[in-house]
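Reviewing the structure listed below.
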């Protein structure tokens, strides 16, 4: 069982224009930088991207937005990106905004064979329009459906050839839930290690969810808000 | 913020007859031995116990069954226990048998504010009787509701005074999901450690889910099926 | 009249020992600087932190350790990191005792609007809709009026709402108010601010009963 | 006629490199002993293991490391441990390529019964209902007839069922059969067993087309 690919180019074989993709990360933290670069390189278009954010103007998914490769974004927060806002307000870009917790849970549901679930988030708002409402214990909930993707791209800290992954700090965020919801899940890792090096008691993403893995390179890891104090 | 209690006796203050309890463990692996002993000591009755299994005749929840402290069991598998089968077949004990995955997911849902979800498990069987059926992508699913408990008792390997927990091997099983679903969650640990000793990247149960924690004692850790090979 | 730091300071007086607290972006973030002595609270950040600490020292910042506002942060001893689905399990499952967030508008029945200005601004709701739909204890931190001097405490929200009947308390630059039976109840005045000024700045129904005390801030 | 080990051995021929496999209690567990050379599969145990290994050496058994049959086991390099909700996320989410389990009855349309004998035996379904409701590839390992000599391959299950139209393949002591359009299709005979014997031991509709080959087992 060897899921290792040489690089992003090989690991993205089969990704096509018009597909639905999931991309892990929160802001620019924990995003699959190598996969995004390769998507740009491939020049694919009409993509539907499920990602909590849309990057910034010149990094992350912002790169694909600039090149008009994205037809539709499914996200919870897309601030920090002027080009995005412009395309959305002008109608060039379809956008489905989803409460962050519902987004995470819908991805988890997709991976876990749960086709739909009830949540209170968004009841009484635009988000609930057209959705079934049901009361539980006197409280209103709306029915939300699972999300799945043709490809899910996640970024991990370390991984092995079985696809087991661990994440560093808050670079975890959406990566583990999206890893479960791709028909094909591609993991890029900072360090590819030998099976057995990762402690089996402390695996964040068990390998069963990952179909392809490669060691990424040239991580930029850009910081959006550098906030520090002085000693 | 200090959630540490001296022992099971103190940590179980407020548990009363007639309450609904969750108890972690799979078979006899990872069961909250100290809490179960204290429940027996307290002599509480009419308990509803949510637990994947019911222990064996003379250990685990079997101890409470022997003393007729349990009114109702909500479980997925209750073999290995003659007294249980006798009480159930004679009608002395109410039993709600639930597919194991639905049991785990219903506990998770209880802790996660998801009141109900659809699952394919049990469709077309006795388990689906009286439950809403809905088709997604042509496949039948049934609606299952969240489970919650007045108290959840879980057993972990190590924990700190914030309630952060890690589990050893397959003693993890139902413990993390049940830890989230107790109005009051009591964790018994083999070793209570100082905050900071547990690596924050590798916490299995974040402390927010745990209200009380104590270091247990005299763990028997009985093995049901000792299977070995010779060197 | 309070400045932003004083609004945060007043909100911090509401904290109780042992609480888990989610702070939104902006004024709410400042609340962390004013935790009263003798109590311990843990801050949750919805991108996956419990036990969020101070900003890192210059040079020690880590791109892989940010809060929900995308700021570099540190962890306190006893912290835990988790994924987004677990984070919102905590929020939806009511494991967080207090949520503090900003708002563009609040209505007298407790509706809140803070995610969208149709045709002008659409940054998205982020985690706000999950938070306001689930939390039992929500404090809004905001200016009493907008830049054009118009009240942000309204009869009905004019902007698309984030949640329905969910706000419990509001702390503004002018006052502390509770939402009670479809009205704002005035609890405290900011230092030097009169009941009349508050009344004039409040469009929604305002209940004023008895003497309204001036709020106490332990300013150094 | 096959013994239990040979049934397991025949099922092991169905394994493909890279598959994740869930083995039920009883005969299915034995399949792990016959993984063909040159292929690698990972065994999932629904109590929370991926990469389950052999039984431990005497003296090295650990009460905190068991499989779904409550047997002490070990982990292979590259194994992962997880909680019950994650385990069934794998199962329900169709991330497991093959499920092998035992049965008391299978019907010609693929229904399976293996969890309850009303009034007599009620051990519970454990994870079986989740497995059969979700898996795309289910092989049943069982004796062709029960202790009273009655067929276990029926027109309709007489016992409460575990799942509907879910079984794909059956390997018994007498034969290998697929479920196809509401009938059992005979694929292979056990060594020394005639088509007639299989026909006599099968109550449900049995399709026999062409020559039915004898199964090949690489017995040492």
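Each chain gets a letter, A, B, C and D, in the order it is written, and its residues are counted from 1.
Simple rule for what comes next: contacts are C-beta pairs under 8 Å (C-beta built on N, C-alpha and C of every residue); 3 or more make two chains touch, one makes a residue touch a chain.
Quick caveat: nothing in here was measured; it's all calculated off a predicted structure.
Among the other chains, C has the CA centre that is most remote from the centre of subunit D. Each of A-C and B-C has its own count of C-beta contacts, and the greater count is at A-C. The geometric centre of subunit A is 28 Å away from that of subunit C, both derived from CA atoms.
Centre-to-centre separation between subunit B and subunit C, using Cα means, comes to 36 Å. A straight line joining the Cα centres of subunit A and subunit B is 33 Å long.
The distance from the centre of subunit C to the centre of subunit D, each centre being the mean of the chain's C-alpha atoms, comes to 56 Å. Shared contact sites, meaning residues of subunit A that touch two or more other chains, fall at 105, 108, 112-114, 119-120, 168-169, 201. Residues of subunit C found to touch two or more other chains are 81-82, 85, 88, 91-92, 134. You'll find the chains touch as A-B, A-C, A-D, B-C, B-D. Of all residues in subunit C, those touching subunit B in their complex are 17-18, 20, 40-42, 44, 50-51, 75, 77-82, 85-86, 88-96, 134. Within the complex formed with subunit D, the residues of subunit B that make contact are 26-30, 52, 75-80, 85, 88-89, 95, 97, 99-105, 107-108, 119-127, 140, 157, 168-177, 204, 221-231. Within the complex formed with subunit D, the subunit A residues making contact are 1, 108, 110-114, 160-162, 164, 180, 194-196, 200-201, 203, 206-209. Those residues of subunit C that touch subunit A in the complex are listed here as 45-49, 54-73, 81-85, 87-88, 91-92, 111, 116, 119-130, 133-134, 160-164. Note for the complex: subunit A touches subunit B at residues 105, 109, 112-120, 134, 136-137, 139, 141, 145, 166-169, 199, 201-202.
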